[in-house]
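In what follows, subunit A forms one complex with subunit B and a second complex with subunit C.
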Partner chain A sequence: MNLFGKWHPGLMRRKPQTASSRDVHFEAEAASGLDELQTRLNQWSDLWSQDTDPAIRTAAQKLVAERLARWIERCFGQHVESALRGKGTPISLASSTPIFTAFLGRRATRELSRRVLQDI
Partner chain B sequence: MPRLVRLIWIVLALHLTLGLIAYAHFLVTGQYAVLGWYFSALGTPFFLVMTSTECCVAIICRSWFESDEPMRLAWGMIASAALARLAGVVLRAISDGHLPWGNWHQLSQPPGALFVNLNQLGLVIGGPLSMAFLAFGLGRVLRIQRRFRLVGSFTRGDKALLFLVLAFSVSQLAINLPLLMKHPSLGTILLWMSDPLLSILLIEAILVRRSVIRMGQGLVAKCWGMFALAIVITSVGDAAIWADNHGFLSESMTALSWYIWFFAAAAFASAPAYQLAAISLSRESSVNQLEKR
Partner chain C sequence: MNEAELRIAPGNCSATADVIWRALKGLQSLCNRVGTEDEGVIGLARRGWNNIAAQQVHRRRDASMDAQSARERTIEAYQLHAGVLLAYSHRLTRDDALAQDALQETFLRYFLALAQGEDIRNVRAWLHRVAHNYVCETLRSARIRTAVSLEDAGEERLRDERSMPDADRAADWIDAARQLLAPREWQCVQLRAEGFDYTEIATELAIRPGTVGSLLHRASEKLRIRLRKKEGSA
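== the complex of A and B ==
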């Protein structure tokens, strides 16, 4: 890389480009997909956090809890799950991620979370 | 059981089968020829394979943690302990090529020398230095386990065992400290640290075992359970050496006690193999597939 290149007179005369028609088009697209994005973010938030009321759990939340319970049992043991869930609340990504990260590392936990959320 | 762990124990079983044939020959004939050949020609390669496996797998486990994660340092220390044990085996194999653990208490002590010979250097690196690394690594793991409230308290049996081990360590130090007047080599003094370090490791092993009981039978729990088992087997081997030195063991029992170290090496190698299996599990979709069946 030529470090002196940035002092070249040709480069100094350059002005930053103004917003092009492509950027405007992108903004219009993003606005139309905002609702969908918001819905997805809300869904992920529900899956991530602990649900306090088991009665209003969705099928996706139940599936995530089942999968997490299996991973926890295989990685740590059958007793850890009960230690992680407090006062009868189901296991969630929020409650299980710290222990997975501590013992398996961030990289493995990311991969594991991806597996848990697969097809959901 | 993970594939690598199964392989380690199959290799141990095959190795012990040959070892028992050599032991049977010793019992029948009373001669050490076949037994000596077994330990020097097959025993040393077995230790080299097991410690190399342990070291390589521990380094792989360490690489799965990022630089700011506490377990990276813990696995770094465990890998260093395995590397020190490997270096110790290599040095002793180069030095004499006989029994891998040697007889350090019988070595002569020339004044002013750091180490009596290469064999003693190997014993120091593979013994106290390796134990210090492992003690530091397991200490880090216990801190993490305590954060998740997985570490349990000592039971009465644990306390009784610890009292025995601590009393033994203190008595050994009391015997060894007056010998400082005779200006022993640095290597000899460092070897005196083996018993206190083993006591620390045993305390950690008991605490780790308590946490494993609280966890269950998962792969991570088995990893730390294997470390606890390996430390307990090492303590048994150390006690056997002490009993042999004081004439408490018969000739046949002494020869049998040498086999203890093969179990310790296999347990040490299995521990990181379980951790690697737990990490590898995250890349498999087997758990998700189970529910589809």
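== the complex of A and C ==
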């Protein structure tokens, strides 16, 4: 790709483009962040569908459930929150996503999930 | 009106619930007209939600994936695109820490989108758009007064190639071009220099591919005229 060379011959690249030292630097720096991302993703994917018994939940799982309940209450009201809870199945991000998506839209739901899982 | 109805009545609830309230009233009147047994607004709401949830879960089960698959796909995407995306974020922020944050945040959002069943066709364009939005939001919220405009990929490359005799001239020329072009035209040129094709640029800027062609053509014409004038005066 030689966009600028199209406008002025002086800007034409003389050599075929190869990966510059800067690109290699960014590749290496990005690779160093993979471990952090993997740790985060492992936690988040475990918390996504909380199908464990409420009695043996971890602190993180309880926190997510609390935040989620607060969001449901804030968006739909207290009565709906208790009605959904009354179905017997525990509220999780996986089970509440369709409802949030239906009423709030995809982007808002993504933002909501991010806030629920924030700092975990 | 029973107690349940009172709790979500307009005035007692948020704007979102107010919209839902009005929708449910409409639904109730429709059910009454077609002869459905009146089970109250909350009963209808519960049924409606269950139906919506069931439909969406059913529809998404085929198209989407569980959290584990989303995690694996996110890691695959990271290995493919992280280097380019970090370079892009760095060009936007000029800050190593913020660029790293943008990278992590972009891929976490990618994971959430996949887990929610979003169908992302062009992963590269999607990641670039989310990274760009994240950087803009962060800079805006931190009230950092630095220019949020994109730094040109071409500029970076040319700065790397300091041995080139035209490097200084090219940097001046790029500054002049930035002032000459409209923001949207300049953004198209930048993304084109980044290696994006017309469709990807269109996706990122939320415009039609034809418009991308027009913007690039207009930019090209402006630059050509400017260059001719400059050479004529020299």
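One rule holds in what follows: the second predicted complex is superposed on the first by the 71 of 120 C-alpha atoms of A that agree within 3 Å, B and C clash if a C-alpha of one lies under 4 Å from a C-alpha of the other, contacts with A are read in each partner's own complex, and residues count from 1 in each chain.
Keep in mind that, in the parts below, a contact is a pair of C-beta atoms (placed from the backbone, for glycine too) under 8 Å apart; a residue touches a chain by one contact, two chains touch by 3 or more.
In this text the structure is predicted, and so the values were computed from the model without any measurement.
Touched residues of subunit A were counted for both subunit B and subunit C, and C has more of them.
Using the contact criterion defined above for the overlaid structures, shared-chain residue A:77 touches subunit B and also reaches subunit C. Shared-chain residue A:62: touches no atom of subunit B or subunit C. Of the two partner chains, subunit B and subunit C are each touched by A:102.
Of the residues of subunit A, those at positions 74-80, 83, 98-99, 101-104, 106, 109 touch subunit B in one of the two structures and subunit C in the other. Listing the residues of subunit A that touch subunit B in their complex gives 66-67, 70-80, 83, 98-99, 101-109, 111-112, 115-116, 118-119. The part of subunit A that touches subunit C in the complex is made up of residues 1, 3-4, 6-8, 10-11, 17, 20-23, 26-27, 29-31, 33-34, 36-38, 40-42, 44-46, 48-49, 74-80, 83-84, 93-95, 97-99, 101-104, 106, 109-110, 113-114, 117. Subunit B meets subunit A in the complex at residues 64-66, 69-72, 144, 147-150, 212, 214-221, 278-279, 281-283, 285, 287-288, 290-291.
Residues 4, 7-8, 13-14, 16-17, 20, 42, 45-46, 49, 52-53, 55-57, 60, 66-68, 70-71, 74-75, 78-79, 82-87, 90, 96, 100, 103-104, 107-109, 111-113, 115-118, 154, 156-157, 160-161, 166, 169-170, 173-174, 189, 192-193, 195, 220, 223-224, 227 of subunit C touch subunit A in their complex.
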